[in-house]
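Take this structure first; my questions come after.
Per-chain residue numbering starts at 1, and chain names A, B, C and D are given in the order in which the chains are listed.
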């Protein structure tokens, strides 16, 4: 059974102080969750809070898959029921090219979105909106919640956040 | 290999329009009535184009029957998204009514303007429908149609030939227009058969084709007039 | 001005923004009712056409395409307003984009929905439109991918999917904001539920922000070529046909430019109305109008150039049938349309946009309207003007739209307005978080400046 | 069962059918149509087309007892496998939705067009009563044409009744052309012109590629003349005021002043005589025909309003040609001086010395099967009948398969006069302009549903007699007009019935053939009944080989040279009116057939309507634009029509197609356009009893804008770029650029 302590900050710079104090008090980044209603400038945080994304690579993969998929669909479907028109080849590369391009695009788009959702752990419909201070998010505050062990250093955490608050 | 073709001698054609009615009778083409015809929706798979040349009194009139040219490289074919029109091995520019969804793109892309669209379903008041040709389907609204070189006659003749275990003879197949033409200005046959009448005509100096510059490779050959 | 004070004003602005979503706005309600009624006209007319056959439209032989295709191109063109513009601005990281991206992207999505409707409306047998969809069926026959119409389907599907997602991704955090508010103020309401669903559990952790922004960037990069391809392909519907003044290599870029041109036009009008109607002038500031006005001007010039190039080549080439269409367009039957178009698309913009005074909301909105009219005429000229004349001079065509076609056209406008009204009442028309981000960046800049000045002595 | 057996069988029932009524009707008919087909199987049955006087031989495709398609009978010397537009549309007369299929008795006022259905018995009884009740000399009979058996039967009927001879509604110019041929060439009918083998054909007024006389026959001949021989291409010169379809196909067109055709012909004769290429006997024959000195080309040029050099060219070509021939007729025969015009035209052949030589003129080959039935070739001219009607000298009028109200000039006043007739009995298949005035309307079958034995109205190279059994079962209760006549006669009883011993028309035909067997091609020494059956298999009896028999030459002096007179003073009525037969409307018979209504006229491309062709110059002067609504007024009356500005129209001449403006006649025909004949007066061609239908002047005023349904471009549309189709000028389009439209 663990407890959570929440604090809402107006300015990201106060958040930074708080985080530093928490660190000094030996809280690991895993115990601390930062939430904001607008992207925070990353130099606000110490190194260990830095994040990363696989985005461009996923997009490229999607593009490759989509393009290949549509090309093979066109090539296959025209040859299983070959009907000559206007003296063109059954699988006409120029026309197939157009379709393939759209395949690349749609592949990339879908894969990008999928990646975003995956990396953000969305959709998580019922996990959200539980914190008592959530509405502060709407007011452009930054929320910091700390998870700490049974009984133990709650007040430490609280103090750390308090001190940062002034 | 056969490649069906047609020769039209513009010097024989007098513009009597018998072919137009023959075509209506053979192919169950609907008549649309005055109002629709006024909107430019009259259907004549074959038409007699009339051109004036010069000024009175030295004015000359030219007649030119025009139907689907059954192009070798038909512009109408590739633009159809559903293969409703495509090229048969015998060189016909086939129109598959059942597939047509009515985008009308083919008609737009036909430089000869020989494609006709069923804007409404046809009406054959009793007992006119007793005349309808059982070998040809009646087209409903939303379907594109055009000259088929009387494909039902071609197939009929081929069946007969098959039963008698022989090739189709030259001149055995006659399209409705060519059969009724009083002037015998229209000849139908196999352009790939060097012996056929159409091939003979095609080699003459008078032979020419419509809008050759578009390189649509029409299968209809016109014999230039001498007037 | 202190940080907190600035924050306070920002809050109050945001309140304006959120009001239409929380409070009942009679104006908007009536607006949606009326536009909804007009939209009904579209579906009535379409139904009428389906039951009485395509012949109730005015199209004929040889003018096989008319109003429907004109409107198709027109709406697809408009759809190039948002996504493309916002994408370009995002990629170039233009700061002033923040307030306009969303209302622009909304235009794209709705225009695209409507535009995509018209090819179906124009079919002779719409009930079997699925013959064009590449799915395995009992028919065993697949669509003909050589046909530009198939390219259309592919491109429009891609673009619509892309635009929808591209509109939604940046919407998630805002929905989260609204959710958090709603859960405090009015929990257990439909609105709260709606926001909750729309926010799909967004928390706003740094990781989420990072992925989201990366995703938006990637989408922006992908969507630009897609948008270009869409209108290029629409132009190819014409350019692939060997018809006079269609069969032109310039058509791709020409149409893309025209599309963006008409897109910006709609954006201008829409922004003007939003600013007036919602009183959010602090977001859609004169600066924004001014910048967009410059973009608008650029496209006016581009379009004029393309139009000239197109017609010059035709006139110079002097090929018989092309000249026939050309003459009819410029001196003959269609000259009225043509010259109106030149006035609305070149004269009026060049008379207003070059001057800073002209690039105020009203001025740009007026130009926007004019250009809309002009661009519609352009498409009409291209479709009908060409089809009226045939290579074998014997056949000649005329075209007059029927009431069905008129009804469907008007109805489509109603549909667009309706969708937009609904959108304004369900989502913040300006992206809240992006604006906030903007503020943060400003604050940061200030602090750095401050720090620098401290070190001075 | 074989034909012969059932003729006996039907002989028993046939009389009964009339007297006892329709009980045996189906039985009777089923026996007439031979049962051959499997379901869905196609059978080709020979037939005869009676849509016009030409009488082409046809083959009819029958599937499941329905006629599907008409093709030409290649064995028939007239059309050799060709069919014209009108012939094809016969199917839509057969299956016309507005066709009358039961006997109708008038219910309500005369001309109100309201009828009630009657049984054949009652109808025939009424007819018999009416005819027997009337004084013989107060009976009028109108039938379609005098040639062939049916005509002969009507003659026989009239003489048996001691009534005035029947009136036959043949094309008005036919009589003039017949007389002219008699005078100029000594033939008893219009001769056979061997166009196919000629090298130059000069046609003075004869529109032989239009609907004139025997269109299919002549079109085929024209094509053969042009391209039938490897050696050289024949040429056609057309001298005619209107750009007819024939003129449109001519190598040279002389748009001469209407009414001056004779002058042209005489002047050409003068040139030939002077050129010295004419043999003495030919010269003598010609001078017997025309003793007076011919006019010079210069005089002709002024009279005809043609440049003299063009006349000279024609004259030289005529003199130089290997074997040339000259035809005359059509509008040339429609003027008051028509007889002179055509005689002068045909006379030229004497100087060309082509009588009986290949590519020349041959005497007609007429079988005249009906001569045994009625010795007298007597007939009452339409003009005379009109007089009698106007004088109220007719109590009972019998109209068989004809529409006098529509097809006779308005000047004859039939429409009004017919109201004064006590009883009008119409044998017809539609409620046409005459039938609406009927007291009794008896439905008759089309040529596809009845036994036919028809001679071509214009003789081909060899003798021909088209014969056919019913191709399909008659629709409804329609009957063979001749059968109705026979029934009527036997109903009258007494001497009349005695004159008509046959049960039905087939028997008449068989009997006549047995009589004339020896004179029929391949008939001599043949067994009559086998001959009969074979003929039916073949679709008739046809002669073979090349034409033979030279016309004897002029019997005496021809008519005095005269100019054409026109009704109406030139000041009040500035335009000469030329009615003509368009391939799409003919004389109005096809008006209720959608195929024909939607068929564009080859020249004006008009569909579904009537029009007036006017020269651009005249149109400009009157401020008329294409499609405008005009009122055309003649001394006789006035009609309203839409303008077709026609670049090929001769200024001062306007042309209007015949066959429009039906008061009734069905859904497709009703109220379309106007009947041009209402403008034509009562004047006759001098020396004949034929109406001068091309001798009217009209006045034109513009009523306002209008709309005309066209398939192709109008002349005014062609303002900018006119391209001569590739078929004619491969890559060199002819440009008609008008300045303000070029950049």
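We take it that contacts are C-beta pairs under 8 Å (C-beta built on N, C-alpha and C of every residue); 3 or more make two chains touch, one makes a residue touch a chain.
As the structure is a prediction and not an experimental result, all values here were calculated from the model.
Chemist: Looking at chain pairs B-D and B-C, which one is connected by more C-beta pairs in contact?
Modeler: Answer by contact count: B-D.
Chemist: Identify the chain whose mean C-alpha position lies nearest to the mean of all protein C-alpha atoms shown.
Modeler: Centroid comparison flags B as closest.
Chemist: How far is the middle of chain B from the middle of chain D, if each middle is the mean of its Cα atoms, in Å?
Modeler: Roughly 31 Å separates the two chain centres.
Chemist: Determine the centre-to-centre distance between chain B and chain C, using the mean Cα coordinates as centres, and give it in whole Å.
Modeler: Averaging C-alpha atoms per chain gives centres 45 Å apart.
Chemist: So, what's the distance in Å between the C-alpha centres of chain C and chain A?
Modeler: Computed from C-alpha means, the inter-chain centre distance equals 29 Å.
Chemist: Need the CA-centroid distance for the pair chain C / chain D, whole Å please.
Modeler: 67
Chemist: Which residue numbers or ranges of chain B touch two or more of the other chains?
Modeler: In chain B, residues 47, 49-51, 75, 78, 80, 83, 210-211 touch at least two other chains, as defined above.
Chemist: Touching at least two other chains at once: which residues of chain D meet that condition?
Modeler: Residues 712, 718, 722-723, 725 of chain D touch two or more partner chains.
Chemist: For chain A, write out the residues touching at least two other chains, lowest number first.
Modeler: Residue numbers touching two or more other chains: 83, 85-86, 88, 95.
Chemist: Taking all chains into account, which pairs touch?
Modeler: Touching chain pairs, listed by label, are A-B, A-C, B-C, B-D, C-D.
Chemist: Which of the residues in chain B come into contact with chain A in the complex?
Modeler: 72-78, 80, 83, 85-87, 217
Chemist: Touching chain D in the complex: which residues of chain B?
Modeler: 8-12, 14-18, 20-22, 24-26, 31-34, 37-38, 42, 44, 47-53, 55-57, 59-64, 125-128, 130-134, 176, 179-185, 208-213, 222-227
Chemist: Can you tell me which positions in chain B touch chain C when the two form their complex?
Modeler: Spelled out, the residues of chain B in touch with chain C are 36, 39-41, 47, 49-51, 66, 75, 78-83, 99-105, 107-109, 111-113, 116-121, 141-144, 210-211, 214.
Chemist: Across the complex, what residues on chain C touch chain B?
Modeler: Counting only chain C, the residues touching chain B are 53-55, 58-65, 119, 122-126, 128-129, 131-132, 141, 143-144, 146-150, 153, 237, 240-243, 387, 390-395, 397-398.
Chemist: Can you name the residues of chain C that touch chain D in the complex?
Modeler: My answer: residues 315, 320, 323-324, 327-328, 330-332, 392-396.
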